[in-house]
Amino acid sequence: MDLIAHHISHRFGALEVLDDVSFTLRSGEVVAIVGPSGCGKSTLLSILGGLLQPSAGQAEWRGAPPPDSRNPLTFVFQDFALLPWCTVAENVEFPLLHANLSERERCAVVDDALRRTSLSDFRGAYPRQLSGGMRQRVGIARALGVRPAILLMDEPLSALDSQTRELLMEDFIRLLADGSMGAVYVTHNLEEAVRIADRIVVLSRRPGRIREVVTIPLSRSERGDIHAREQLLALQSDLWSLIREQAVEAEREVQHA
Amino acid sequence: MLDRAGEQAASPPADINAEARPVAFRGAGFAPKAGRYSGWIALVLVLGLWQLAGSAGWVNPLFLPPPSAIALALWKLALSGALWNHVSASVVRIGAGWILGTMAGVAVGFAIGLSSLARGVGITFISALFPIPKIALLPLLILWLGIGEEPKIATIALGVFFSTAISVYSGVDAVPRNLIRMAQSFGVPFASIVRRVIWPGALPSILAGFRISASVALLLVVSAEMIGAQFGIGAFVLQAGNLMQTDQLLAGVVVLSLFGLAVGKLINLLETRLLHWR
Amino acid sequence: AASSEGRCQELLKAKIGVLRLSSSAPVLIAQDKGYFKEAGLEIELKFFDAAQPIAVATASGDVDFGVTAFTAGLYNLAGKGALKVIGGMSREKAGYPLIGYFASNNAHAGGLKTPKDLAGKRIAVTQTGSSFHYSLGLLADKYNFKLAEIKVLPMQSLSNAAAALKGETVDAALLPVSTARKLIDDGGARLLGWVGDETPWQLGAVFASPKALGNKPLVTKLLAALARADREYHDVILASIKDGKADINDKTRPLLEIIAKYTNLPVEQVVGNCAYIDPDGKLDVRNVANQIEWLQEQGFVDKGVGVDAIIAKEFVKAD
Amino acid sequence: MLDRAGEQAASPPADINAEARPVAFRGAGFAPKAGRYSGWIALVLVLGLWQLAGSAGWVNPLFLPPPSAIALALWKLALSGALWNHVSASVVRIGAGWILGTMAGVAVGFAIGLSSLARGVGITFISALFPIPKIALLPLLILWLGIGEEPKIATIALGVFFSTAISVYSGVDAVPRNLIRMAQSFGVPFASIVRRVIWPGALPSILAGFRISASVALLLVVSAEMIGAQFGIGAFVLQAGNLMQTDQLLAGVVVLSLFGLAVGKLINLLETRLLHWR
Amino acid sequence: MDLIAHHISHRFGALEVLDDVSFTLRSGEVVAIVGPSGCGKSTLLSILGGLLQPSAGQAEWRGAPPPDSRNPLTFVFQDFALLPWCTVAENVEFPLLHANLSERERCAVVDDALRRTSLSDFRGAYPRQLSGGMRQRVGIARALGVRPAILLMDEPLSALDSQTRELLMEDFIRLLADGSMGAVYVTHNLEEAVRIADRIVVLSRRPGRIREVVTIPLSRSERGDIHAREQLLALQSDLWSLIREQAVEAEREVQHA
C-alpha cells in the first residue's frame, strides 16, 4: 500500500501552514519528515491520515493494505491522546474492541504490545499515574496492536530517555524489516531520522514547503555496521548544516529583530 | 554525500496516478454548530401544525387553544396595557432573584469546590434542602418576610441557588489539577488562582448551570407570585388558570417562553464570547 | 329488596371527584354505608386537594361527577358545555360555621371588630373568583361599600393566606374553619364572624360530565343515593349542632367517624366543621344566577353564560 | 574519563547543613475531600439550634414546629401505616418520572451534542419550553392526560428532562476533541465512539446533572400530586397545608429531605465509583 | 542560593518511586538528571520545587535568592501546563500579574521572553492553535519571565526540532553563564546533559536511586571549543555505555521474560 501526498496545501484561517507538499511513500518505506517547530508537520500527518481536510490537494493511497491489518493508517499522536478513564491495558485494547477478535486473541495482542513497550507492570494504571515517557509508550503500544500498514508517527520517542528510545527504535526497525509496514515518521531528531528513514523530507519554516528530499543510500539493515556508523554520522551532520544554512539565519533575524 | 532526490521523487509519478484513491476523510462530525435558522424554522413548523390542528377541529379549543387564539389574547393584553404591568413586575423579581441566587450559589459552589469542610457540610445541606418544595415553604416565607417583594424574590433566589451551587462545584472539580499546580509553583496567591485558573476552568460548567438556573428563575415566578401578587406574569397565569381561561393562561406561558428564548440566546452569546478558547 | 335486585343487575360504574372536607360528607357517608351499592351503583371516589381540578377532571371526563364549591373556573367550563350542575351540596347558612372572617391581632387592636369594618382593608383570599372572593362581594353589597375599596390579595392556598394573616401582613382573611382552628386556638388571629351568619348562599354543588348526563338512570340513581345520605346527615348531625358544634353521642358517632376517616381529622375536630346541606339536595338556583352575574361583572366569567345553560333542569330540585 | 564523584558528592556536607531551610510546600489544597462526619455534625447542630429556638419559644410552633414535634408527627404517621402508603405511592411516581425524564434528557442531550440539526432545534425548544411552569399547566395536563398516574409522572419527567438535557449536552461539548480524533483515526465506529469516548468524557457533567435532576424530581412530586392524588408525600404535604397542620407538613418535607440525602449519597458513591480515574 | 535534596524517598501508594536521593545544587550550578522513563525524575523535580511532599527526607535551600528574582524556584513542566483560555502572551504574563510590576514593565518582560523563544508572531494565539513545540516554548518563555534563581526543567526541549533546540540551548547557556541562575535539568538526551550540566545525576530504574554522579571536567564556556567537542562526545558515549551496562540487560530481561 502506497501513500501519496498530492500537492497538499493547508491554511488555518489566515495562517498559511503547508504549501504544495507532494511526496510518495511506497509500500514498506519509511519517510521521515523534519522541519522547524510549527512548520506544519503534525498538520501534514493529520491530512495524510484523513483526520483533516487540506485546503488544496489531497492524500491518496494506492494498492491494497495487507489483509491482516486492522487499521491501515494508524497514528501515534504527539500529545499521546490517551483515554484518561481507561487503564493502560484498556487504552491499548480500545481500537481492537470493534475488530473481529475473540476475547482471548485481544488479550494476547494487548499483552504483546505492552511487553514490547515494557509496560506490563502498569497494565492497571490510569494515565494520570504514568510518567510522560510511559504515556508515550502507551500510545505506541496502542498503535502496534492494530498491525498498521502505515504508521503515522508524530515524534513518537520525544518524551523517552535514551535507553528506552534505543530499545523502541530497535523494535521499530525490527517491525519495519520485513517491508510489510511503512511509516511516516515526524521527528526533530536527525539521528533518529537517519537511522530509520529511507528518505527524509525536509520542510521549510512555515508555510511548510518541501526544501529537500534526502535519500539515505544504505538499507536499514546495513546501518548497524560499524562502517555505516561513520557514514550515517556524516550524513546527519550534513543534514544538520543543510537545515541550519537554510533556516537559522532567517530565524535569528526574526528573533532578534 | 547527500543524495538529493529533488523534485521528481517528491511528486508521485503521473502514470500510476490513475489507480490512486483519496484517503477517506475520517475526522468529520462531533463539532455541531447550531444553524442560525433551524431552530426558528422548527418552531414555526410546530406552531403551524398546532394552528392547523386547532382550525381543523382535531382538538377541543378548550383543551388546547390554537396559536391564533393565544396571539389574540396576547394582543388584547398588550393593547390594554396590562401586559406591560405584568411583565415589568415579574422582570424585577426574576432579575433580583436570579442575581441573588446566583451570587450565593457561585460563592457556595466555590467554597464546596475548594474547602473540605464546606464540601462535607455543603453537599449534605444541598442534598437535604434542595428537594424541599418551595410551595410547601411559602407559608413560612410569608410569615418571615411578609407578602411584599422579599418573599417573592427569595422564592426565586432559593430555586436558583441550589442548581447553581451544584453546577459550580462540579465545574471547579473538573479544573485540571496540573494547571493549579503550575500556578502554585509560581507562588501565585490563592485569590489569584481562584480568579485566573479555577474560575475560567469552571466557566463552561458554570454557564451550563446558568442556562438551567435562568429557566428555573422563569419557572418559579409562578410559585413566587402565589404570594399575594397583584401584577406579574405568574399572577396572571395563576388567575387565568383559576378561571379556566386557557387562551389567557397560554398567553402568559408564551410570554415566559419568549423570555426563555431571549435568555437562551444571551447565554449562547456569552458562551461564544467567553469560551472561544475551546 | 333493593339489594337482591342489585345482585342480579350489573352495577353501574362511576367515579366521583371530591375534596377531603366535611362539605362532601353525604358522598362519604353514601359510599361508606353502601347507599350507592344499594342503588345499583359501583362508585369510586377520587380525592383532590382543590376545587378547581375537580371541575377540570369532570370536564375532561376523568371523573363522571364532581362535588365541590362553585368557582369562576367551574362556571367557565360549564359555559362551554363541559359540565352541568345536577344538584346542590353545602350551603353557607346561619348557625353553621363554615367559612369565617378573621382579623389579624394588630388589625383587631386597631379597631377591626366586625365584618362591617372590613371596608378599606387588605384581605387575603385563596384565589380571585373563588367562593371567598364572592363572599366578600356579598358582604360589600350588604353593608353598602364598594368591593373596590377592599384590597383583595390572592394567596393561592389556604396555608399561604393563614400565614399572611398570622404574619400581620394582611388585615384580615377568609378561611374555612378547618384551617383557622389552630390559628384561633393559638391566639394568632381573631374571629370576626361567619359568612353563613352574614350572607347565606349556595356554596357547593354536584355536577356531571356530558357523558354521564347522557346516562339518565345513572344520574337518577346517584342523586337518589345522595339524597338518602343528605337526609341522614341532616337529621343526625346537623340536628345536633349547638353553638356551631355537633354533639358526640351514640347516634352521631358512627357518621362522625366516617367523616373523620375520610378527612384525616380527629372526631373532635370534625364536630366543629360541619357544613350545612339541604336535606333534599336542593339547589338555590336564584343564588347561582346571582353568583354568575357577579362574577361576570368582575370579568371573571365569560359574558353570555346564563344560569339556564349550566343547570341540568331535569335533575335539579330548585329551592 | 568519567569523573565519578560517587557518594560523598551525592549527599550534602554535614557542616553547612545547619543553615539549610526546607523548601516550603506549595502544592497544598485544591483537593477537598468531604469529611465523613462534618455534614452530619452540622446537620445535628442545626437541628439542635432549631429545637432550642422552638423550646425557648423564640418562634411560633404553629409555623415552625420544633424538630421534636415533627419527629413525633412522623412517628405517628409511621405507626398508623399511612407513611408507607404515601411513600410507596410517591416513590413509584418519582422513580418512573425520573427514569423517563432522564432517558429522554440523555438522548436529546447527546443528539444536541452530536448533531448540528438537533442542536439548532433542540436548544431553541429547550430555551422556549423549559421556563413553562408546571403548576400553571396542571389544568391542561389534566385535560390532556386525565387524573391517573400519567400526568403525575409526566410532570416529574418534564421537569427532569430539561435540566438533564442541558447538563448532558454541555458535558458532551466538554469532551476533549483530540480523544475523538484519536478514536476516528482508528476507524472506531460512531456508536462505539459515543459509548466509549463521549459517554465517559461527559460523565462528570452528567452525574452533576443527575444530582440536580434527582432533587428536581423530589421537588416536583408536590406539583404532580396536586392532580387528584389519594396517596403520596406530595398529596400529604398539600393536605396538611390546607389544614394548617404544620407539623405534618414539615414531616412530609422531612421525608423528601431524607430522600434527597439518600440520593445525594448514592450519587457521591457513583461519582467515586465511576470517576475514580480523575 | 543552594538547593539540597536531603535523603528524599517517595512512594505512590505501594509503588516505590524514589529511594534515598541526595545531592546538592550550589549557586549557579546546573545539575542534569538522567534515568530511564518512569524512574521518578519528574517526581523528584516536584519535590525539589515544593509541589509534592516526599514520603521521607526533604528538599532544602540555603543562602538567599537573588533580590530581583520573582520566583526563586521555577518550573518548566513536562506537560507544558498552559492555561487554555489565555493567549500566548497572557500565559507568559500570568506569573507576573501578582508581582510588583507596572503594566509597562510587565509588557516589556513578556515581549522579551516571547522574542527569545521566537513566539512574537503568536502573541495572540490560544494554546490549541499551537504546535507541540510552540507550546513547549511558551512554557519556557513563562519560566524565563520570572527570573528564577533556580530553574527546574522537565525535558524542556523534548518536543522541539533540532534547530529550535539548538537556539534555545544556546540561550540557556547564555542565561546560565553569569552564574546567578542555577538549574536542575531533567532530560533523556545525553548530548544535552553533557553540554549544559556541571554534574550529571544518573538515576537507576524505579525505584530511582542515585547510580552515579558524573562531574563534567570542563567549564560550560570551554565546551564550545573544537577540542572540547571530541572530549564531550567521548564523555557522552561513556555515559551511554554506563547507563546501558547498568540497565539495559535488566530491562531486556523484564521485557522478554
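A, B, C, D and E are the chain letters, set down in written order, and residue numbers restart from 1 in every chain.
Assume a contact is a pair of C-beta atoms (placed from the backbone, for glycine too) under 8 Å apart; a residue touches a chain by one contact, two chains touch by 3 or more.
Everything numeric here is computed off the predicted structure, so don't read it as measured data.
Trainee: For the chain pair with the highest number of C-beta contact pairs, give its two chain identifiers.
Mentor: Here the largest contact count links B-D.
Trainee: If you take the mean of the Cα atoms for each chain, which one ends up farthest from chain A?
Mentor: Centre of mass proxy via C-alpha means gives C as farthest from chain A.
Trainee: Counting only C-alpha atoms to place each centre, which chain is farthest from chain E?
Mentor: C
Trainee: Indicate the whole-number Å distance between the mean C-alpha point of chain B and the mean C-alpha point of chain C.
Mentor: Between these chains, centre-to-centre, one finds 43 Å.
Trainee: Centroid of chain C to centroid of chain E, CA atoms only: how many Å?
Mentor: Their C-alpha centroids are separated by 85 Å.
Trainee: For chain C and chain D, let me know how many angstrom lie between their CA-based centres, rounded off.
Mentor: 41
Trainee: Could you pull out the residues of chain D that touch at least 2 other chains?
Mentor: In chain D, residues 26-27, 60, 63, 138-139, 143, 181, 184-185, 187, 241, 246, 249, 278 touch at least two other chains, as defined above.
Trainee: At which residue positions does chain E touch at least two other chains?
Mentor: Counting only residues that touch two or more other chains, chain E contributes 46, 49-51, 73, 79.
Trainee: Two-or-more-chain contact residues of chain C, please, as numbers and ranges.
Mentor: Chain C, residues with two or more chain partners: 52, 56, 59-60, 73, 157, 159, 162-163, 166.
Trainee: Mind giving me all the chain pairs that touch?
Mentor: Touching chain pairs, listed by label, come out as A-B, A-D, A-E, B-C, B-D, B-E, C-D, D-E.
Trainee: Looking at the complex, which residues from chain C come into contact with chain D?
Mentor: Touching chain D from chain C are residues 17, 20, 46-50, 52-54, 56-57, 59-60, 62-63, 73, 157-159, 162-163, 166, 178-183, 186, 188, 264-265.
Trainee: Could you pull out which chain A residues touch chain D in their complex?
Mentor: Spelled out, the residues of chain A in touch with chain D are 46, 49-51, 71, 73-75, 77, 79, 81, 83-86, 94-95, 97-98, 126-128, 146.
Trainee: Could you list, by residue number, the parts of chain B that touch chain A in their complex?
Mentor: Per the stated touch rule, the residues are 1-6, 9-13, 16, 19-27.
Trainee: So in the complex, which bits of chain D are touching chain C?
Mentor: 60, 62-63, 138-139, 142-143, 146-148, 226-230, 235, 238-239, 241-246, 249
Trainee: Residue numbers of chain E touching chain A in their complex, please.
Mentor: 12, 34-43, 78-79, 115-116, 118, 120-121, 129-134, 137, 154-155, 158-167, 188-190, 240, 243-244, 247-248, 251-252, 254-256
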